[in-house]
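For reference, chains read A, B, C and D in written order, and residue numbers begin at 1 within each chain.
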Amino acid sequence: MTDDLTSCTLRVRVRYAESDPMGYLHHSKYFEYFEMGRTELLRRAGFAYRDLEAAGVLFAVAKVQCRFRAPAHYDDELDLTTKIERMTRARIDHSYVLRRGEMTLCEASTTLACIDRAGKLIPIPDEIYEKAHGES
Amino acid sequence: MTDDLTSCTLRVRVRYAESDPMGYLHHSKYFEYFEMGRTELLRRAGFAYRDLEAAGVLFAVAKVQCRFRAPAHYDDELDLTTKIERMTRARIDHSYVLRRGEMTLCEASTTLACIDRAGKLIPIPDEIYEKAHGES
Amino acid sequence: MTDDLTSCTLRVRVRYAESDPMGYLHHSKYFEYFEMGRTELLRRAGFAYRDLEAAGVLFAVAKVQCRFRAPAHYDDELDLTTKIERMTRARIDHSYVLRRGEMTLCEASTTLACIDRAGKLIPIPDEIYEKAHGES
Amino acid sequence: MTDDLTSCTLRVRVRYAESDPMGYLHHSKYFEYFEMGRTELLRRAGFAYRDLEAAGVLFAVAKVQCRFRAPAHYDDELDLTTKIERMTRARIDHSYVLRRGEMTLCEASTTLACIDRAGKLIPIPDEIYEKAHGES
């Protein structure tokens, strides 16, 4: 696998609107961050998810797991590391680590399935599969 | 105008995830509520916005104004009254009042434009226009 | 365990603002629904999470798992069944099933930890623990 | 007024989760962006809203107006210019222009009131007022 397609780190600042009455980044918002991580990872490998979607290639989230170790707060600057752990013709597994400085706040993983506009499973496009497996 | 198409009241309970570190319903969330009000108003007049959209008739928000008088909090039960103030062939003006019991929390108004999937302005469909003007 | 505290079903209608460019309820939003399920479950057992929080008893999400089987769409009416699977002095495990009619869209589980305002782990209050274990 | 406190431009990339079934950045999300703009503007003037809030100085949104001229889409890079138009002892008026390249997508204005934790109106702290009026 090339480095570009398999890992990237993104800095995100927690918005006020994302923070809940405890003063914590609401747990549902982490999944927006993970999605931003996947978009950037794909971009660094030369793909825009926007173009894939326009071409009828969609990635739907099939499974998520997340372990929250310590809270993030409004205005925190966080570093999200997104990795591709495994890619088959049918699915992509990502892992995520969210940190504030040296402190790990959260670890997560997701499984995406590739579908067409009608929601039917389709194979991951060759150019993405091959790039991820270092064949191009 | 028929009563059904021109006014409806919807009860909404404030979610934890919608509440901010002040403990207030975040001001951006009011616009989600107003949209829910418009969906219900349309439904009571016999239309589903989902079907309109599937048929290529979209309503885009062109303008909003909102005055926040008192905060809403997590778990509050609120009553949102949505009214059509004016409908021309090209635009719909709605007004909104959000209350907790007798207390008015917020007053707002929006202007929607009718567009097709390409974003081009189109006339509001006859059956909606006529229903709103008591012609059917 | 009493029925009231251990299971409840809540109807939710998918908002337009919660739906993504695929036309699907965005996967991050399911966690807002689960939280609404927990709030209602607690209410039926005679507790308001709002009052607990005001008294310095907070529940933080420590872990989530979710399996998405089929998408929900804008304006769908969904039924969310929330259950307490296990409660110790330190943690509560919930499970969730989200359905549209007979169809299961999603299954999930979460683990919550009880904390004080400083974020320190505290025991779950006696009255909740006892109610959940049928001792009151 | 010093330049720093009165105007700043922030780049924001539209998230997938912020985009609706039309493929547009949902209109409610603009208000999250405006809030980010205010946070940055304050930071450049040497203040952290987080610290103000911790000290019991809160800014509540009292009024918003927004005119949407053209839609933003998923993955667009937008430039948000936030300005302080007027600051009295009691209120701050901001204006906002959101652009994609040369194209203006949206113009807006808000009025904030300064309140304490109990929601009571309080004067804007001297150090902010004076900085905004070039007295320090």
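The working rule: a residue touches a chain if its C-beta (ideal position, glycine included) is under 8 Å from a C-beta of that chain, and two chains touch if they have at least 3 such contacts.
Small disclaimer: the values here were computed from a predicted structure and weren't measured.
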Chain copies touching (chain B, chain C) - same or different residues, decided at half shared: same
Over-half contact-pair match to C-D, picked out of the listed pairs B-D, A-D or A-B: A-B
Of all other chains, the one whose Cα centre sits farthest from chain D: C
A-C against A-B, pair bridged by the larger set of C-beta contacts: A-C
Cα-centroid distance, chain A relative to chain C, in whole angstrom: 24
Separation of mean Cα positions, chain C and chain B [Å, integer]: 28
Distance from the mean Cα position of chain B to that of chain A, given in whole angstrom: 33
Multi-partner residues of chain C (each touching 2 or more other chains): 16-17, 21, 28, 31-32, 35, 74
Touching residues on chain A, where the partner in the complex is chain B: 16-17, 19-21, 23, 26, 28, 74
Contact footprint of chain B on chain D as seen in their complex: 21-22, 24, 27-29, 31-32, 35, 53, 58, 60-68, 71, 119
Chain A - residues contacting chain D, complex: 13, 15-18, 31-32, 35-36, 39, 48-50, 73-75
